[in-house]
Structures are given as structure tokens and as C-alpha cells.
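Two complexes are shown next, each including subunit A; its partner changes from subunit B in the first to subunit C in the second.
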Partner chain A sequence: MNLKFKNKKITGILTVLPSKEVSFEDEMENYNFSKEQSAKLKKIMGYGSHRIVDENVCCSDLAVAGINYLIERGHLKKEEIDAIVMVTQTPDYIMPVTSILIQGKLDLKKDMYCVDVNQGCAGYLVGLHQAFMFLEQETVNKVVLVNADILTRKVSKKDRNSYPLVGDGASITIVEKDTTSPEIFSNIKVDGTNWDALMIPAGGMRLPISPETGVFQEDDKGNIRSKDNLVMKGDAVFNFVQTEVPPMINDLVTYAGVEMDTIDYFMFHQPNRFMLQKLADKMKVSYDRMPNNVVEHFGNASGVTIPTDITFNLGQKLCDNEYMVCLAGFGVGLTWSSMLIKMGKLDFCEMINY
Partner chain B sequence: MTDINEKLAEILEVDTVNDSDVFTQFDEWDSLTSLSIIAMVDANYNTNISAEQLLSFTTVGDLKNYLNSKKS
Partner chain C sequence: MNKIASILSEIRPEFDFTASEDFINDGLLDSFDMISLVSELDKTFSISIDGVDIIPENFRSIKTITDLLAKKGVTVS
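Moving on, here comes the complex of A and B:
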């Protein structure tokens, strides 16, 4: 489905990452694989270290710290926040929604809209869509988009298939009305027939958590996890990304009426370096235009990888200059989405530690 | 399709690969080499194979036969 937005602008991006950094080497012994196999995996997939929250930290803590940081520095005023869109798969509670917890913790005005969206790897795109739609309202001038996930909690430490690549983190993106902004083009597709390519089997109403769901079992590849843990069909996800993403970007540039070479940066969701390199090769885009270093430095925090990519690799450049940027997210659902947006002259574009 | 043997040899970390070689018999065979082969097939032959499908190809020759059948 094609989507078009007018008079909207991203005015600032902040990434909040836990300060605790754990290296792949330190975790190798958790896995049922030889040192040689793990060294090879590290080299090919691009694993380095990932950021992990302390046990008592939840998504709302990261979000509140980030928003407070912006308020303290004068980038944001409490009373200006007309809506919070919170995108997470790891909410503080099943109920109530985390966006309203944030409203309460920050003592924001009651006259506002708060909504949580359960989305993963495409969560930055879906969150921006929601923020843009809120801005169609006369009463909404500024939306705070929060992306946050602490998935290391839900992935088994003995699952070499998934644990080395996940990380925790949050991002705060400010989205506002701007009558001078060029049109933003986007598209999105879903495929619920492949709902089980990437999922957490237990913990919902279909299969509540019980002592049985917590039993660890070894799969045919030597990974050990329980039904309470995230499970991913790596090959299916890989094939899905390589099959669906390049044509999606082709459709997007056709829809927007632009040429590929006018796009300065391809800031894509980063499952791991390997997948991004293969994608760049297939799309004939050079690696410097499609950075792939988020996972090796911070881990993959689902919807937070795109803002992390932007703040880490572009940072101050996005405050000083303007660029034509193509965003894309793809994963759980399955969901895949992309966006062509002129980004720049931001009020802030940085990352902080929690 | 002779160069696929070279590409497979590189992934499996051996000097040469013959059509009669059995995938699971290679020392380097694991889920990572499996994914590397899936990626190589996708990049070079524009064909998607699943990890399960790859396991159903016992030998290198079986994979090549499959790729040939997809080409024609």
C-alpha cells in the first residue's frame, strides 16, 4: 500500500542506549558451538558487542530518561507534547499501555493522545506513519515517537541463532507540522501467513506462561531455548528480506518519481551486517550509502536500529545539512515498509547512554 | 555452472568441491554455512532455497540439478 504525507517534518532524533556493553567473545561459551564456529559466525555476521539493560530497567525508564534529557536541554517543552506514539514489543506491563505510563511519569498534560503500537523491525516506519496521521489533526502540532525494546530479556542466552545479534535501546523522534516540507512518500506490506517466522510462542493468551513453557529444549541446530523465548527462522527471514525489500524500494522510487542515485543514504533496519551487505549488493548500492555497523556496535534493538543508525552514522551532519534519505524496516509480522524523506536541519541528532 | 563449485569450496573452506560430495559430510557444515550457501544461491542464481530444501539436496550435484531446472 502506498502512503503519502504532506507538511510533516522530523525535527530531532535522540537514541538512548544502555551503558552496559557485552562482547560476543564473552558470551561464546554460552553456546553449544566450538570456538572456531563462533569465530566464523562473528566474522561473517559482524558481531562485536551489544548493549543490554540491567534487570530492573524497562522501556518506559529509557524513554523517560530520553525525554527528560531533551527537556533539560531546551529541545522540548512538556506542554508542547500533544501525542505519544510508543512502539514496542516489550511493554512494561500487558496493561496499561507504556505510552500512558510515560505521560504519568513525566507529569505531562492530560489533554493529549497516547497510543502503543506492537511492531518490531518495521516499527520505526509504522511509528512515523502514526505520528504523521496524528498531525492531520488541528489540535496536534507535535508528536513524540518513542521506539523502545528490551528483547535481550526474551531471547535465550544459549540461542546462538538470535542472542548475539539482539540489543536493547530506545529512541525519541520529534515529529511536527511544517508547511515548507516536501512530500514524504512511503509504502507498507504485510504477510500474516508467515506469522511464525519470528515470534515468541508463550506469554500471550494463546499460550500463557507456565512452568512447562519455561522448559529449555535444544533444537536441531544446537540452540537451546524455551517457549517463553523469541524464536526466529533465520533462513526464512533472510529469503523474505532479499525477495521483498529490493522490489519495495523500486516501487517507492517509482511512486516518488525519483532516481536511485538522487538518494543520499539508505538507512535500513539492521538485523545483522551480513543481511545488509547482501541487500546492498542486490540493490547495487555502495556500503557507504547503506551503513551496516549498528549490530556490531550496539546490537539489533528492533525498531530502534534505524534511529541508532541515523544518530550514530549521520549525527551532527543531519543538523548541519539536508539529505534525501530512504528508510526501510522489515521483519516480524511479517511487515515490510519503506519511506523516502528529506531529512536535515534537525534541532538535535545524538545518542546518550542510560 | 562450474564456478558454483568454487563458490561452495570457499564457503565450505576446502580446496575443491565435487558434484558427488555430500553437504553434511563437510567439516565446516553447520547452520552458518547453510545460510551462506542460501545467500550465495540467491545472489548468483536469483533463486530462493530454504534451509530445509538445502538439506534435502544430499550432494552438490543435487543442488546444481535443482538450480539448472529452475533456470530452464
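Moving on, here comes the complex of A and C:
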């Protein structure tokens, strides 16, 4: 499905990452594989260090810290926030929604809209779509998009397929009306027939958490996890990304009527370095235009990897200049989405530690 | 030794690849080994094997790997 948005602009991006940093080497002995094998994969996949929240920290804590940081520095006024879109797969509670917890903790006005969206690796794109749609309303002038996930809590520490890659984090993106902004082009596709390619089997109503779901079992590849943990069919997900993402970007540039070489940066979701390099090679995009260094420095925090990529690799450049940027997210659902957006002259584009 | 066989032996030195007709079904290569192999082949032959071609069918034997390389214009004797 193609989507087009007019008179909307991203005016600032902040990434909030936990201070606690754990290296792959520190965790290598948790995995059921030789150190030599793991070390080789570290290089190819880009395993490095990842950020992990302390035990008592939840997504709303990261979000509130980020929004308060922006308020204290004059980037944001409480009374201006007309809506919070919270994208997370790891809410503080099953109910109520985390966006309303954030409204309460920050003592924001009651005359506003709060909504949570359960999305993962395409969550930055889906969140932006929601924010843009809110801004169609006369009464909504500024939306705070929060992406946050603390998936290290849900991934088995003995799962070499997933644990070295995941990280925790949050991002705050401010989206506003702007009549001078060029059109934003986007597209999205979903495939619910492959719903189990990436999932957490237990914890919902279909299979509530119980002592039985917490029993650890070894899979045929030597990973050890329980039904309470995230499970990823790595081969299927890799193949899905390589098959679907390049044509999606072709469709997007055709829809927008632009040439690939007019796009300055391809800021894509980052599951691992190898996957990004293969996409870049296929799309004939140089690695400096499609950075792939988020996992090695911070881990993959689902919908937070794109804003982390932007703040880490572009940062101040996006405050000083304007660029044509292609965003793309792909993962759980399955869901895949991309966006072509002129981005720049931001009020802020930075990272902070929690 | 054939260059492909030599790379395979570096990746999984504990296995005798000449004794297998199906590296995947015989458990000689798993998905992470395939990624290691692709990375080595890319580097050795200065190519980039397409992501969509990184599927078990292409890594079952020296012959299927040779055929995969041929798609990229690489001939391995």
C-alpha cells in the first residue's frame, strides 16, 4: 500500500539508551558453541556490545527521561503536546497502555490523544504514519512519537541466534505541521501468514505464562530458550528481508518519481551488519550511505534502531543541513515499510544515556 | 585442494567434506556456517553473493556452491 503525506515535518529526534553496556565477549560462554565459531560470527554479524536496562527500568522510564530532557532544554513545552504515539512490544503493563502512563508521569494536559501500537522492527515507520495521520486533525499540531523496547528481558541469554543482537532503548521523535515541507512518500506491506517467524509464544491470552512455559529447552541448533522467550526463525527472516526489501525500495522511488542516486542516506532498521551489507550490495548503495554500525555499538532495539542510526551517524549534520533520506523497517508481523522524506534543519538530533 | 573445499575446511575443520553428498542434511553446515562461507567466498572472489541465494539448496555440495559462484561469473576448477 502506498501512502503520501503533506505538510508534515520531523523537527527533532532524541535517542535514550541505557548506560549499562555489555560486550559479546563477556557473554560468549553462555552460548552452546565454540569460542572460535562465536568469534568468527562476531566479525561478520557485527556483534559488539549492547545496551541493557537495569532490572527495575521499563519503557515509560526511558520515555519520561527523554521527554523531560527535551523540556528542560527548551526543545519542547508540555502544553504543546497534543498526542503521544507509543510504539512498543514490551509495555510496562498489559493494561493500561504505556502512552497514558507517560502522560500521567509527566502531568501533561488531559485534552490530548494517547495510543500504543504493538509493532517491532517496522515500528518507526508505523509510528510516523500514525503521527502524520493525527496531524491531519485541526486540533493536533505536535505529536510526540515514542519508540521503546526492552527486549533483552524476553530473549534467553543462552540463545546465540538472538541475544547478542538485541539491545534496549527508546527514542523521542517530534512531528509537527509544516506547510513548507515537501511531500513524504511511503509504503507498507504485511504478511500475517508468517506470524510465527518472530514471536514470543507465551504471555498472551493464547498461552498464558506458567511454570511449564518457563521450562528451558534446546533447539536443533543448540540454542536454549523457553516459551516465555522471543524465538526467531533466523533463516526465514533473513530470506524475507532479502526478497522483499529491495523491490519495496524500487517501488518507493518509482512512486516518488526520484532516482536512487538523489537519495543521500538509507537509514534502515539494523538486525545485523551482514544483512545490511547484503541489502546495500543488492541495491548498489555504498556502505557510507547505508550505515550498518548500530548493532555493534548498541544492539538492535527493534523500532529504535532507525532513530539510533540517525542520531548516532548523522547527529548534528541533520541540525545544520537537509538531506533526502530513505527509511526502511522490516520484521515482526511480518511487516515491511519504507519512506522517502526530506529531513534536516532539526531543532535537535542527539543521544543521551539513561 | 579445490578453493571451495579449502574454505569449507577452514570453517569446519572437524568435518571431512569429501565424505558427504549433502552438507546440510549431514549436519556439516548450519545457517551460521553458510553466512561464514558466503563472507569468505565474497572476500576470496571479490563478489557479493545475492542475499536471496543464501538458502540451504545452494550449499549442499561443492557442485551447488560452484554453480552459485558461476552465477556471479566465477569459475572454480
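To be clear about the criterion, the second predicted complex is superposed on the first by the 354 of 354 C-alpha atoms of A that agree within 3 Å, B and C clash if a C-alpha of one lies under 4 Å from a C-alpha of the other, contacts with A are read in each partner's own complex, and residues count from 1 in each chain.
Throughout what follows, a contact is a pair of C-beta atoms (placed from the backbone, for glycine too) under 8 Å apart; a residue touches a chain by one contact, two chains touch by 3 or more.
Please read these numbers as outputs of a predicted model, since none were measured by experiment.
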Partner chain in contact with A:268 - subunit B first, subunit C second, else both or neither: neither
Touched partner set for A:44, first subunit B, second subunit C, both or neither: both
Touching partner for A:221 - first (subunit B), second (subunit C), both, neither: both
Partner chain in contact with A:278 - subunit B first, subunit C second, else both or neither: both
Contacts of A:163 with subunit B and subunit C, given as first, second, both or neither: neither
Contacts of A:235 with subunit B and subunit C, given as first, second, both or neither: both
First, second, both or neither for A:298, with subunit B first and subunit C second: neither
Touching partner for A:69 - first (subunit B), second (subunit C), both, neither: neither
Doubly contacted residues of subunit A, that is, touched by subunit B and again by subunit C: 37, 40-41, 44-45, 221, 234-235, 238-239, 242-243, 274, 278, 281-282
Interfacial residue positions of subunit A with respect to subunit C in the complex: 37, 40-41, 44-45, 221, 234-235, 238-239, 241-243, 274-275, 277-279, 281-282
Touching residues (chain side subunit C, partner subunit A) in the complex: 11, 30-32, 35-36, 39, 48, 50-52, 54-56
Sites on subunit A touched by subunit B in the complex: 33, 37, 40-41, 44-45, 161, 221, 234-236, 238-239, 242-243, 274, 278, 281-282
Residues of subunit B touching subunit A in the complex: 28, 30-32, 34-36, 38-39, 42-43, 48-52
